[in-house]
Every structure is written in structure tokens, then in C-alpha cells.
Amino acid sequence: MPTQETLIPLSGWRRKLYIVIYEADTRAGRIFDMALIAAILLSVACVMLESVSSIRQRYGTLLTVLDWLFTLLFTIEYALRLICVHKPMRYVKSFFGIIDLLSILPLYLGLFIPESRFLADVRILRLLRMFRILKLSRHLGEAAQLRKALMASQRKITVFLVTVVLLVIVLGTLMYVIEGPEHGFTSIPISIYWAIVTLTTVGFGDITPKTPLGQALASLVMITGYGIIAVPTGIVSAEIARSSPPEPSENRSATRLCPHCFSEGHDWDARHCKHCGGQLPRPAKGEVS
Amino acid sequence: MPTQETLIPLSGWRRKLYIVIYEADTRAGRIFDMALIAAILLSVACVMLESVSSIRQRYGTLLTVLDWLFTLLFTIEYALRLICVHKPMRYVKSFFGIIDLLSILPLYLGLFIPESRFLADVRILRLLRMFRILKLSRHLGEAAQLRKALMASQRKITVFLVTVVLLVIVLGTLMYVIEGPEHGFTSIPISIYWAIVTLTTVGFGDITPKTPLGQALASLVMITGYGIIAVPTGIVSAEIARSSPPEPSENRSATRLCPHCFSEGHDWDARHCKHCGGQLPRPAKGEVS
Amino acid sequence: MPTQETLIPLSGWRRKLYIVIYEADTRAGRIFDMALIAAILLSVACVMLESVSSIRQRYGTLLTVLDWLFTLLFTIEYALRLICVHKPMRYVKSFFGIIDLLSILPLYLGLFIPESRFLADVRILRLLRMFRILKLSRHLGEAAQLRKALMASQRKITVFLVTVVLLVIVLGTLMYVIEGPEHGFTSIPISIYWAIVTLTTVGFGDITPKTPLGQALASLVMITGYGIIAVPTGIVSAEIARSSPPEPSENRSATRLCPHCFSEGHDWDARHCKHCGGQLPRPAKGEVS
Amino acid sequence: MPTQETLIPLSGWRRKLYIVIYEADTRAGRIFDMALIAAILLSVACVMLESVSSIRQRYGTLLTVLDWLFTLLFTIEYALRLICVHKPMRYVKSFFGIIDLLSILPLYLGLFIPESRFLADVRILRLLRMFRILKLSRHLGEAAQLRKALMASQRKITVFLVTVVLLVIVLGTLMYVIEGPEHGFTSIPISIYWAIVTLTTVGFGDITPKTPLGQALASLVMITGYGIIAVPTGIVSAEIARSSPPEPSENRSATRLCPHCFSEGHDWDARHCKHCGGQLPRPAKGEVS
């Protein structure tokens, strides 16, 4: 997301609008955000209900009208977001800028390709802003930590995924040759799809091996899948365990204070302040756990 | 659960009743608890058997009579529990107070909505008291530790679940647009249900993608699901590993001190100081674990 | 397993027999063990082949004869094992004594209940001896370590399993009431079976929810199952991580040797032998990593 | 892979050819490698498309011609690889030598057994070279680390797999005896296949238990499978956690030394010795990471 300094207009109605739309600290801003969340949830509910054929037959016209109303609303909001920042392209190219655009396009697209209007649903992703709006800063911190752990294990996971993809192509080919089209393995791509379904332990059962050899190979695939699920888990576990802030160090006192320079963070066994060299008072007996 | 001080009546028959019903230290209390566990198990077995149509046709009347007997018994017990405490509302609002009430309501409700009488089964949750009754304090301790680990990772898990829910809505919508009602994806809610079934690697197979594009997206969903299962596991593993008290180092004594150079960190089996070579005093017998 | 001192006959042919049958260090003992492993594998293969109807129709008589031959062989072996130990009942009651008995009973039982003869297959468990016979002592060590880790987390796993069982009963009952017999949830036990199939992410798909409410509850069950699989994994991971012998301590030298008492295991920074107090030679520069 | 010293011809056209084919540092080498990757991807795409019957009917002849062209190309490449090394047999026996051979054989084999020509797909494994070619050395490092962690837990995983195999045989036999051929458990091998499908939580649903006893045993199998998936995950997690190089402590310097009392372990930001209070020299600029 763009930093605010470059985005906030310096004064006037645009500045006021900016504060209402982009910030959540004023009363108007909070009301705007809450109304936005409500509108997103309602519009997504509308799209979902419209997709249920029995409901569409009865309330089809009403839901279509509502869809258009919400889309108009979000279109206006998008325009306002563009108007009240200094460098609109920065907003357009930002993560939320793209999602905001994707939220309004489907209905206009739906004029040409009817089915695509249901994609308006992706506006649910706009709720990701919720964490920031609701001031769930600790949740944001945890999310950042998770993201960091996943980033740190990115290369290991890439290696793992490349291995899985190669494995799945080879296994799919083998199953296609062994089972053949007469047992549902109609082509190599379908067999690869089956291999993925099996290796990930999803197991739909729409395609299953019928020959003894196919079942033996499938057994091998399943035990392999069962085994290699341990790998990403191990990677991420180890990374999260490492990235978690350790519990207060055993040797580090949280309470010792240098009486000379008032610095903190001295070790239990420190006799002198590490900053000014002044003598530290001895910790009380009970304090050392 | 309410603290006992405010609940125990000070004297009289109510105090005696309280000790029998709520405590497990006297002989009468233990007998009451054992009888209660037996009654719960028997009544749940009755409800289960009654739900099997072949058994209901033969022993229906007997089982209905037993159901009512057990419900009457539990109703009386609930009344007694109310009578013998000082502040009954505190019991009513407690976790077990709610479960105790839920255990007797279904049969009365069943007079109006026949099907609901089977919900009497939830009285199996009353067995959660078992751990306390059977004095399985170490199990309680482990349970508390698990609960603490889950609590500590609560925010991370919330972030994870919100991400999964948003992902599932977007994936479900995409699959609905790609596959459409003719391949079983009859509405967006059904497609979301499919996305959950697939992402969690359950894979019922009641709905499966048929088009190549749908199968490609499904493959992506499955590999994603396979990958992100690592995240909650990693979170909880890291938390449990952190909350487990480490085993004391096998060979290193934390307390042995060289009387000659006052250095620390000597092994259990050391006879001489590793720094000055002076003889170390023998560790006390009990000290070596 | 019983200790050998109390079991080995002191002399005579029983002692010789004992060494051949129970031990693997002599040439005769090794040959006996190899022959036994081969006999077990062959007999299990026979039972398996016999269960395939097309093979049974052709080679039925041959396989039955072989079954009886192997069973006779194992019966004689069992008798010999009884004869050549001092206290036969100790062997009979031991883990392998029970398995050895279970390996020969099914065929005799099969005279009365034909189907039960296939249970002769459980003699595959006799191969657990293999690790000892093949002197795979390091594998035995790892197995013991795994067993220890599982034992140490036993209470946590019990708490977890009790929670899962109670959860599954409540969920099964709810689904039975919501979906009812007309959608395949024919009784509460069947619904509990479905809840287990779903919670463990197996997902056969033989029973699936059809009503929107049922599908919503099923979604909840699946996400729960997806989440709580993290718990046992976390427990066992943390336990294995804790029980693994740490890599050679950074501070501990594997190569320093006291020239006075020839003891090993001195720290890098030790100047005196911790056992005899003699001065240690300084480690070479490059040696300290 | 064979070391290069013994493989590189000392001079002449063979040396030049060697550098183009085996190395990726020169411009010609890089072009050769890129062309090779493109050829592999294209040829695999051809084989896959050919397996789709609707595409085969239309473009069958074209695809067959392309298949033969690619196979000829790879055959020539294989011959060149043989010619330009000193000891060809070392290349033939190496991991990539075998894969290179397997990539060209299927089409020749397909002259006798038509179906086997699809196995040409395994040439996708040649892409494993990609990591080296694209100089993804950090990925290679992570791959090596993963491989090391898996190697280190090899014995534990062997013990685990042997246990699973024995368990699956016993469970399959029990289900065969309980359910019998009339419920789809047509033979012991099929029942073992079912046990693997269930224990690994794949759950195709092509075979499912119908009797109450069978469903009860299946429930047990599923909960067991759910539990024991924790074991390999725990093994690998613990191993990866152990093999990951720990992040350097954020604040603690490994090299700062007090010039007054020669004590170590001072923080990066310490200005005075925590033991004697003497002033510490400033760390060099580059030293602080």
C-alpha cells in the first residue's frame, strides 16, 4: 500500500474526503468503514442468493436490481477514492486498488458474458481491510509473522512443489499406461488430476484404479502422499518455531534498571551497566527464578 | 465453574446433599458420581438404539419408557442441584449448568417436535466432569496445557481461518462460473461447500469437476490445501513445543560448584573441576535424578 | 520378553534346541530364523491368494494343503518353543508367545467357522521379530525412541481422543436430526460413523449431507477436523523434538582424551580432566570449529 | 554425478562439445540448455495431447511425427553426451544418464507395445537438471538440506512404514473376514488396498464397509490413521528444526571481548563490560549485521 504522505492532499474538501474514506480514526471515517463492510457483506449475500436457482426464479428481478445498486455504489466509491488522492495510479496499482476494481467490473462484464456477473463475489476480499479498520493490530502482527515464516520457507516450499509436480506427472503417466481409458483414466492430463487428488489425500473417488497393478501403484502413491505431507508441515513448523519471539530470555532481566543512566535490559549476572559502566544494584534473591 | 465458597450452604440437609452431589471425596459422593456416569452412558445408549429403525420397531415402547425414566431422573437431579446451592443462578449459568439443562430439555421438546428428542444425546458431554470425578488430575493438567497452547495461538488461528474462509468463497465462485449447474455445482453456496470439502482434503466425491479448466483449478485448490494444512500444524506445534517444560539436561548439573575456583557447570559425574583441577565434593544422593 | 537367564535350560539337547530356536548368533540359529521368515512370508502369500476367488477356484486344493502344511509346521515350532524353555508359561504369556499362538489357531478354528481361517494372516506380525533377528539394533533404538515419545504424550493424546469421541457423538446426533434417514443418515451410530469419516478428512462419500443446513454443519465439521489434526501432530512433534538426542554439544569435544586416565567427553574449554584432575593437552587450533 | 575431472576430455572438438553440452557458463552452453528445456517441455506437451482421444483423432499423425522428431533429437543428444566424455559408462550409470536413456526408449519400445510410448513422459524428470542450469544454487542448498533431514530420519521412517504395512495387512484381513466379498471386500489384497486408502485418509469411497461391525472397525482405523499421521510429521519437523541453522542471536555478539577482564558475551550495543564496568572498544562497522 502506498505511504500516506504522498497520497494525502494537503487541504480542502479532498483532504476531508480522504480522511473519511481512507482513515478510520474520525467518527465519519468509522461510520463510512462500517457502512462499507455492511454493503460488501450484503452485496455478496445477494450474489450468492441469486445463484440458487429456486431463489432466482422467485426474486430474480429484485436481486438483479440490488446487484446493480451495489455495483453503482462501489463504482462511485472507487471514483471518490481516485479523486481524493494525489497520485491516483498508485492507488490503482496497489493490492486493494486492484481488488476494488475487480469488485465492480463483473457486473459490467455480465452484460456481455452473463455467467461472469457472479464473479462480483470476489469483493469479499475487500474485507481483508477489516483487520486494519477494526484496529486489530495484534492480529495484523500475527499475520505479518505468519507471512514472514512462509516467506522464509519459500525456497524450501518451491523445491517441494517442483518435486511434487514432477512426481505427479510421472505417476499420472504410469497410471494411464497401466489402467487405460477403459477404467476412467481417459488421458494423461486426467491421470495427473487423479494423481493430485490421491497424493494430496483428497480422494474424490470419481476415478479409481481397477486393476491389481493399478491398485498396488495407487497404494504406493497414497503412502508416499501420507509421508511427504510431513515435509511442508515440518518446514513451516520449524520456521514458525524459529520466528516466534522467544519467551523472556532466562538470563535477561526485565526489571533491572541502571540507577545511573536509567537503561533497561541488563542480564541477571551483570554487575555493571552495559551502557554507562555504573554499578548495578544486586537483584533481590527471590527475583532470580 | 463457580467457586465453592459462595455455593456451599453452611449447614443442614442442604449441606449434606451438596457434598453428595457436587463432591467426590466422601463415600456417598463417589457412589453418586459412579451411578450418574452409569445412568448417562445407559441413557445415551438407549437414545442411540432407538434411532436404529429395526430396533425401534421391536423395542420401541421399552426404549421410550426408559428415555422418560432417565429424563425424569436427570430432571430430579437438576432440581436437587438447584436446591442445594446458595446461588442457583450461578450454577444455571455455568458451563455444566447449561449442559445439564440441555440434557433434559430434548425429551420435553420432543412432545412438540418428535425428531428433537434424539438431541438428548448431548448429555454425553456431562462426562467431561469425569476427569474431575475420577481424580485424573494429571490428565486435567495436560488438558489445561493443551488449552493454553491453543489459546496462545488463537490470534494466529483466527487470521488463518479468516484467510481460509475468504479463499473458499472466491474459489467456490470461480468453480461455479467455470463448471456451472450442469456439473453439480448448482449454486455458489454449494460450490463453497465443495471448496471446503476439497481444501480440507476430505473429498467426498459427491460433487466433482468435469471440465478440464475446472479440474485444473481443483488441482490447484488441492495442492494449496495440502500446503496450508502445514500452517495450523506449525502454529500449534511451535506453541506446544514452547509451552512444554524442557527436560533437565541429562548430564549437566546446575548446582555443582568448584570450592577452589568457584566455577560452575560441572557434569554430574565430574570428580575434578574442569578449570582448576581441584577435587569436587560428591553430589548428594538424592540430587542425581 | 522374558529375560534369558530364567529361560535357558542349563544343558543337554534342550539347551541346543533353545540356542537354535531363540537365538540368532550361531549358524544353525541364523538358518532357522531365515527359514522361519521365508515360511511366514510364503504362508501369508498362500492365505492372500486363497482369498482371491479366481485363484481359489483353480488352485483351491493346493492352497488348502499348503495352508495345513504351514500350520502344522508352526504348530510343531510352537511345541518346540514350549519344550526348550524352563518356564513355558512365561513364553506363552509374552507378546510373541500370544502372536505365535494366534498364528496357528485360525486354521483349526476354520474347521468350525470357515471364514475365520483367513485370520491366519495375522502371523505376519511374527515378522516384528525380524528387527532383532537381522541385528537391526539401530532401528530397534529408533523404534524405542518413537515408542518413548508416544508414551510421553499418552496423556495428552488420551485427552485429545476423549474430546474427539464426545465431539463426534454430538455432531453425529445433530446430523441425524438435521438430515434424517431419508438422506442416508439412517441412525445415530451411522451418523457418528459419518462424523468420524468427515472429521478425520477421510471422506468416503458413501453418506453425504443433502440439506443446506446439513452442508453448513458439515463444512464446520471439516474445518474443525482440519484444525484439530494440528493438535496430535503438534503433541508428537514437540515430544520427538524433545526426546531426540541433541547433536554433539557445541562445547563438548568428541576427540579430547585425558592422557592420565584415558577418559573421554571433555569440554572444549576444560583445562583439567574432570575425572582424575590431571592436566589436559590443549586442543589443536583447527580442531575447535 | 561423476566428477568433472575424470570426464572432461583434455582438448579438441570433444572438449568444446563437452563444454556446450554439460556446462552452462558459456554463451553456447546456455543456449544449448535453454533449447533443451524448451524441447523437453514441448515433447512432454505433445505426449500429453496425444493421450487425449479427441485431439489424437484430429492431429494424431502430426503428433506422432513430432514425437519421433523429439525422440530422434534426444537420441542424437544422448549419443553426443556419450561421445564427448572420457568414461562414457560413468555417465550411463549416473542418475541423469539413466533418466536420459529412459527418455528415448519408450518410443522405440512403442513399436512393439503401443501403449508404452506414452512413458516418454518421464523425460520431464530431466528438468531436475534445471536447478543447476539456472544457477539456482540457493534452491539447491535448501534441497540438499531437506534431503539431509529426510536421510537423518530415514531409520525412524522405515520403522514407521514397516509398522504401517503390518498394520494394514492385519486390518485388511479383519475387514475381509468381517465384511466379505458381498460388500465389495472381494479378496484380502483388495481389503488391504482399502485399509491403505482409509488409513492414509484418502477415502476414495469405491469400497466402503456396510455392516455395523465393519463400520466400527473402520472408525477405529480412521482415528488411528488420523493419529499416526502425526508420527512422520513429528519426525520430519523435529529433524528440519534441528538441521536449520539457527538465526544469529539478534543482540548478542559472539566476538566482543572486554579488554579489562577478558570476559565474553557482550551485547552489540554494550559500551561497558557488564562484569567489571571497563569501557568496551566499539565494534567495527561491518561487523554489525
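As written, the chains take the letters A, B, C and D, and residue 1 is the first residue of each chain.
Criterion: contacts are C-beta pairs under 8 Å (C-beta built on N, C-alpha and C of every residue); 3 or more make two chains touch, one makes a residue touch a chain.
Note that the coordinates shown come from a computational prediction; the quantities given were computed from them, not determined experimentally.
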* Asked: Can we say the copies subunit C and subunit D touch using the same residue numbers, with more than half in common, or are the two sides different?
  -> different
* **Which of B-C and A-C has more C-beta contact pairs** => B-C
* To do: With centres defined as the mean of C-alpha atoms, identify the chain lying farthest from subunit D.
  => B
* Structure fact -> Chain-centre distance (mean CA atoms) for subunit A and subunit C, in whole Å, is 40
* Structure fact -> Whole-angstrom distance, CA centroid of subunit B to CA centroid of subunit C, is 28
* Of all residues in subunit B, the ones touching two or more other chains -> 189, 201-205, 229, 233, 235, 237-238, 241
* State the interface residues of subunit D toward subunit A in the complex, per the touch definition above. => 44, 47-48, 51-53, 115-116, 118-119, 121-122, 124-125, 127-128, 138-139, 142-143, 145-146, 149-150, 157, 161, 164, 189-190, 192-193, 196-197, 199-206, 229, 232-233, 235-241, 244, 246-247, 266-267, 269-279
* Hey, which residues of subunit C end up touching subunit B in the complex? -> 155-156, 158-160, 166, 169-170, 173-174, 176-177, 180-181, 186-189, 198, 201-205, 208, 212, 215-216, 218-219, 222-223, 225-227, 229-231, 233-235, 237-239, 241-242, 266-267, 269-279
* **Touching residues (chain side subunit A, partner subunit C) in the complex** => 201-205, 233, 237
